[in-house]
């Protein structure tokens, strides 16, 4: 294991500390918590957006805290949902009186912990609603859509919901926007290598030097197809094909695209993938309204990428294009 | 001659003993989780039980059984996160609530304890026996003590039956497909791999039974 | 070699194509050239900033083209300076009548090619000036400061010079700003692994699984110290020590910091490094005015990072903080 | 019986032959560059000579020696980049300029050619012999033909001497420290590794000499 870390058990905490030290213009760390909140939190009268999950996916989630994005974010240990108590405390710190919208990837551990925090908040009369992000096409068939896990599509859902909250929508309104974004987003990942968990020093799965796995999850959950690594255009072709088979986008519609790196894949490869995606979408008659290429939701030092596509209507487009600023994402 | 009751100081020692047993299996539990989940289960279990150990070491001498259980559950849940944090945390806290004011764990308290644990994990996780989760091991342990014949009812004996039943159940999860949790998306690919949470619970039971035999 | 590419010889070209397709709001590709220019180029009356160099360092240089950053950027093949002709053509495409400032890392190949392009432009009466960026402390002793190579400090120099050009400084003024930024910037890199060159499919140097090399260049040029990989705090300590020994910053002064990933190192590790850097600078009595953490100048899929520190005066501070927008860097 | 003069069509064939020779050494040249530079020299050389090959294949039949050289230099420089792109490109273009209107390369033209190449690389790269660059091989080749005794002066003989001298000089760069180029920052760490550019030039010379012998 070759990592620039100190204590392998302190990676999550020291990551958040470093983030908060690096970007004080956007956010601050809460005392004694592995959590950050908008520098100006709580924003009175605004629905507060709280995101979170296990660490190891940086910049997701904490890097997307700021104006027009999440109000706060709680990080658990590597690949481990944070416990209820810090979720609860962070929610309290960002609550501006208009309720809390919890946004996180649909994983059993996150559901259990966030639900319990929601209970604690509910007991105090704080209005809470939840949208579990489930963009990963590879993780369940269409008829079990709600069982799917969340991957880089988290970004689109948080962006859209936060923009709606920024417009001073009430909790129902912000929740509806998040749900619409989630309903409209599909993702597909491909892994070339396993990541190495700092605390164990080991890879989490084996993959030969010649192979890739399409559909691999952000924590190494097995995917839908393992086989020889193909040229980028073919990899993108297979991924986009599976996404479009699942996403009911019709020719003439607009979409947003995110080509996301998993941590160890350099930007040049992501641009080569985007080049292919762009052509494939044009061939499908879809027009790309806005595209993003970079590391948004990583899996430690895994090599590979994911492609996320969000189908846009005029509301989603407005919310996606709304300004935002945070350590990992700025839009004017 | 093994103890017939578990006092609050005993329980505190037992939890420290469990913490050690879990610590030794950290890598094994990680590897089980790596096969069908995200590879962190051993880390989470060790960190959680270290917090439990620290917590029970700091409790007042006057603490009762339910106090130890409730505080341990809160400590575990607060220190870990993940699915297992809530589940095992709730199991311990529910047992505490069910044994309100209890000064010793004897045979009937053990039944209450395991029964409340099964109820807690089932209601929190919404899993059923056979879904390839920790519940399978908890359910088996609970069944084993609930069905112990009158004549065989001693604490060491019942704990040893619970330990055996949990161990067998954990191994049996290898033959199951998962319906909840991370592994639920993997279909047939999880066959042959036991569920890490179930194995953890069997380790806890085994450590408890062993401690009782040795003390 | 595991890479998401098509033809290994087409990586540079397809990267630029993907970049231009992904970010049309900021830049466009020039026909038949591996070069991008600001969408609104040429900007009349403004000194045009032209950056460039070999590919494989994405987002450097092409990702930093846009308002408040470079007007254009030419990319060569992987680790290979672009030839004079495309540099010349790109310069012509961005020339707004106020001259061209060439900014690139100080490498023999780049010097030869950019100098020749400068000659070609000069022959047409276009005013050209050049600043060769030389921030890498590891690459030559202080008395041969001008021989040093450029690494991630390129970003600070381009940012500052472009902001000065945006203020409508003349060519001398923009050049002076670039020189001041270069004089005030020091960097130090550390490599944990070699990258793999797509066309050869091979690593460019060997390093054991336990070792790191401090001072390694962006193309694997050997560094100043090879030894066992240390905890992040110690690695940062050694790097910052060497930088501060070279940079005449006095307690009480302000600095800007960039913790840059080399391509395969995930963001969580960069934040852990930044956390250490932040403490070390505080201990040195320096105050961090602005910090940046992410992949700015990479080396394909090399694991490791670099630390760049720019000493600020009021002018450099104003120029650094000026707004900018580009695919890889946005500042409001 | 080897040729005593190189006509424009010969030169075009020679450049194609050189392109093949360079192509075969791509991996070797990359590895030399990997040891003391950035590992791309073989790629750049191959791509550059492929462009030269394409260019000379497309030239008009009436082209003269200087036309072939100038066009080859421009093609090489335009297709490659890197230090070697400018250096070898300028070398070829300078040779073209020095042999303005020339219809055949004989012994005196060979001297002019190598001399103009040495001047070009030295002035563009600002290196001196002994700095561990391509110049060392060019200089040696140039010296070898300049100092050939009157009696030994035939084109095949002089090219073979140039090839030998360039090869020896290239190998000798292994013992030098670098004062310019990428390798200049490495101090003693470059000792033992020959300079890739010098080796490339020796391969070019060897291929030229060999073509002449075989045709």
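In order of appearance the chains are A, B, C and D, and numbering begins at 1 in each one.
Note that in this section a residue touches a chain if its C-beta (ideal position, glycine included) is under 8 Å from a C-beta of that chain, and two chains touch if they have at least 3 such contacts.
Bear in mind that the values here come from a model prediction, so they are computed numbers and not experimental data.
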Path length in the contact graph (subunit B to subunit D, fewest steps): 3
Those chains which touch subunit B and also touch subunit A: none
Mean-CA-position distance for subunit C and subunit B (Å): 54
Distance from subunit D to subunit C - Cα centre to Cα centre, in angstrom: 33
Between subunit A and subunit C, centroid-to-centroid distance (C-alpha), Å: 29
Where subunit A touches two or more other chains, by residue: none
Residue numbers of subunit D (touch at least two other chains): none
Residue numbers on subunit C that touch subunit D, as the complex places them: 9, 54, 76-85, 107-109, 112-113, 116, 138-140, 147-149, 197, 199-200, 202-205, 217, 219-222
Residue ranges of subunit A in contact with subunit C within the complex: 2-7, 11-12, 14-19, 21-23, 55-56, 58-59, 63, 190, 192-193, 209, 212, 229, 231-233, 235, 259, 263-275, 278, 291-295, 298, 300-301, 303-305, 325, 327-328, 330-332
In the complex with subunit C, residue positions of subunit D that touch it: 26-27, 30-31, 34, 37-40, 42-44, 47, 77-87, 89, 124-125, 180-182, 184-186, 189
